[in-house]
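Several structures are given next for inspection.
Shared chain: subunit A. Partners: subunit B in the first complex, subunit C in the second.
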Partner chain A sequence: MRYLRLIICLMRYHFLRILEFRTEVVSWWIVNLMWPILALLSTNIIFGQVNSVAGWTKNEVLLVVCLQEIFIGVIWIFAIPSLIDFAKLIPKGDFDQLLLKPVNLRFLITFNKFEFDQYPRIFIMAYITSKILMGFGVVNMINIILGVVIFFIGVILFYNLYFIISTTTFWFTKLHNLEDFFADIMNFGRYPVYIFNNGLRFLLTYVIPAAFMSTFPAQAFLGRLNILYLILGIFVCVVSFIFSQWFWNFALKRYSSASS
Partner chain B sequence: MNLVTFTALWLSTNSSQIGTYSRPEIISYYIFATLLWWIVGWHCFWQVREAIRDGTISTKALIKPSSYYWQMFFSELGWHTIGIPIGLLTSTLLIYMLRDYVAIPSFIDNFFPLILALVLSTLLIFSLNLVLALFTFWFTETQSFPHFIWAGLTFLGGQGIPISFIPGIWHTLVIYMPFRYMASFPLEILFGQIHSSEIVGGFIIGIIWLAIFSLAYRLLWREGTKAYSAYGG
Partner chain C sequence: MHKHLRLIYFFVKTELASHTQYRLGMVTWIINGAIAPLLMMFIWLVVSGNAALTLSQSQIISYYIITLLIARITQCWSIEDVGKEIRRGNFSSRLIKPYHYIDEEWGSTLGKKIVRLIPLIPLLSVLALIFNRSLSYRTDSESILLFLLSLILGIFVRFYLSNLLAVFTFWLNEYHSLEFLHNSFMEIFSGHLLPLALMPVVLRTVAEVSPFRFFISFPAEIAIGLASPEAIVSGFGVGIIYILGFRILYNYLLTAALKKFTAYGQ
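Up next is the complex of A and B:
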């Protein structure tokens, strides 16, 4: 409960902060609606030239695109902004202040910042996703639950990966381009991973969880997901979280402050 | 990443002809689009934005008897002397690795228009970056502004999908927008997708946009420096 109250407190703080920069919020709302709409339009244009992509039809690919955009929205609510901020704390010498706080440090690093400009993207893409799914007519409650579960498995996997790489800031003090790097990584999830050859598909399934971002949730919603991927996802979630925590503790023990 | 994703996308369709491009041509398209970005891509937005926010623009530009536009242009040009060889090396390696799948276009016939188109692209992207950055004189937070350029280039400028795939009236609209001349126009000349009269028409539209951006720069610079107040610097 204490940590939940902290999250609410931090959300309220950041909400009040963004009210000071209303123009910025509006411009980000426009940007965060522009990207998904253009992605959907370009998918329509692609299917003006071809009938299918790696055996996926137009509506199936549109479903993947929508889920990828929702994924980007969700991961940008707090995880990525917080970890981007963390990557800047150590070079600036502000990390020491967090060490003194009486809360779990990883919790503080992860929920340090909240962005409210992704909500229009999430809501509109969720609406379009529901319309596409209704068009298929094969969706039932089990598929929906499965799809949501595997979607959030993708969120956790991506967060763990980003957290592990952000932890290397303790050694490589300037990691300011992580944001661009992960934005490009997320682009791999825009279309079904089956468009890639076996090697790249392996990488995007088992190393960089792009498949869990949108392809597997789409398959789950459509009732076509191999249950082994769900089991694999849960397993990798647990293992990656344990590893990320171990790596975090390993890095903290070797941290030496420049200021205190 | 666009190169990898879109190449894989088109290859997975098993079509030998994709729009006005053959399969080898569409793969070559993305390799050359990547090379093009190394040549004409500019990122002066962040530099100018930070200079305005932290006040250093006072010493860098306001008290100097030179044009800030050209000062930034030649400053950024230095980075391109590194970027262009890297782009050429990367593209050469990619072409070698994918040599069974690509078709290198012959650009001898269109060499001169191609070079002019690259110069036009360079100036357009640089000018738009600079114009957007100058809005920092009024808006403290302008981090979202470059997204309009990136989205425009990806979806309307041919970096994501060739604009010849855009149907009907939308294609006509895209022809008159500036993004085409930042990325797609040189590629269309390179791949022989447009003919002499269209090339001339394209240059006219591109130069009009360059004039618009130049006027916008002058206006924003004049009004921005009037409104500007710095701390420190």
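Up next is the complex of A and C:
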């Protein structure tokens, strides 16, 4: 309950902060719509040449693209801005101040910052996703729930992955261009992983879990997901969280401040 | 001229020293900007198996791999660097220096390019090994020379366009939206994600007259032999016109901006 109140407090703080720069927020809302437009445009250009790619039709691929854009929007609400901020604290020497706070450190680093630029992107892509799904016929609520669960499994998996990468800042001191690095990794989920050969498909399912970002949720919404992937996803979520926590504690024990 | 070159060389060294303080952190640059083009390469290879495209599979692979190199070479950060300084009020310190800040921008940009090219070598090596049999580039001396000249053309076009857009920060008090708009148009019209040859006619026509084409597509087309001699000549002509136009507009707008510029706290 205490941590939930803290999250609400931090969200309110950041929301009030952006209200100081309303024009900038609106311009960011517009600008952040360019990327989904690009993704949809390039998909349409591809399907101007063919009717299907690796057995996936145009609407099915558009569903994957929309889910990937929603995923990017969701993970940009708190995870990526907070982790990028954390990665900047260590070279500046400001991390020590966080160590002294009476709050779980991982919680503070994860929910330190909230961005509200992505909401129009999420809502518009969610609307397009719903239109695409309705185009497939009767919408099954169980499939929707399954798709949403798999989607948030992907969010947690990517959060854990990014958290582990950000933790390496303790050794690297300064990770250049982390924001673009995170965005590059998320590009793997733009199209169905089935376009790749078996080796890459394995990598993008079990190592960099791009399949959980958009391909598996899309399959779940369409009622085509093998339930084993849901069980696998939950298992990998738990394992990755435990590993990320262990790695975090391992890194903290070896941390020595440059200045306080 | 000699003074400018010495200044630029100095700032290149400064930038290299600054970025190599934390060398391990450069590992993130290995894949920086490479995933999306490689993903599109895989998509088009799958599509080419089911449809007759204007590019062969060999040309698709050669195109996307060379664009990884070209994109790094022509990349420019001036919109963010200069825009940030204007926005934060630090730009005044650049104005009182005994040289034009554009020399510092040149040095900084060239230094950053060099630093970001180094991590690209392992990725390009791996790709060259994997796709060795599919790569086909023009290797005659004339084509190599034209390719190098087109790279220089692309560097200049992008540099002056970026600095021109950065000047608008004086009026807008904001540079992020300028940068994003620039990057969005660049992604569409530069050929970074989609070769111009595979675009619909309308988009291709716009891309061919836009300056973004010189960032990536024009050098790539020369490298893989897609551009006809007439297209190469007209391309260089248009590129030079863009450079002169952007430079003239930049000088005019910068003069106008500095007349009304005020900064606080520095």
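Assume the second predicted complex is superposed on the first by the 258 of 260 C-alpha atoms of A that agree within 3 Å, B and C clash if a C-alpha of one lies under 4 Å from a C-alpha of the other, contacts with A are read in each partner's own complex, and residues count from 1 in each chain.
Operating definition for what follows: a residue touches a chain if its C-beta (ideal position, glycine included) is under 8 Å from a C-beta of that chain, and two chains touch if they have at least 3 such contacts.
Source: prediction; values computed, not measured.
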Combined model on subunit A: subunit C and subunit B, fit or clash: clash
Which of subunit B and subunit C A:188 touches, first, second, both or neither: both
First, second, both or neither for A:174, with subunit B first and subunit C second: second
Partner chain(s) touched by A:7 [first = subunit B, second = subunit C, both, neither]: neither
Subunit B versus subunit C as contact partner of A:38, first or second or both or neither: both
Partner chain(s) touched by A:251 [first = subunit B, second = subunit C, both, neither]: neither
Doubly contacted subunit A residues - partners subunit C and subunit B: 23-24, 27-28, 30-31, 34-35, 38, 41-42, 45-46, 48-50, 52-54, 184-185, 187-188, 190-191, 195-196
Residue ranges of subunit B in contact with subunit A within the complex: 1-2, 4-5, 8-9, 11-13, 15, 18-19, 139-145, 147-148, 151, 154-155, 160-161, 165-167
Residue ranges of subunit A touching subunit C (in the complex, touch as defined): 23-24, 27-28, 30-32, 34-35, 38, 41-42, 45-46, 48-50, 52-54, 91, 171-178, 180-181, 184-185, 187-188, 190-191, 195-196
Residues of subunit C that touch subunit A when the two form their complex: 19, 21-22, 24-29, 31-36, 39-40, 42-44, 46-47, 50-51, 53, 174, 176-177, 180-181, 184, 187-188, 193-194, 198-200, 203
Subunit A residues touching subunit B - in the complex, by the definition given at the top: 21, 23-24, 27-28, 30-31, 34-35, 38-39, 41-42, 45-46, 48-50, 52-54, 184-185, 187-188, 190-191, 194-197, 200
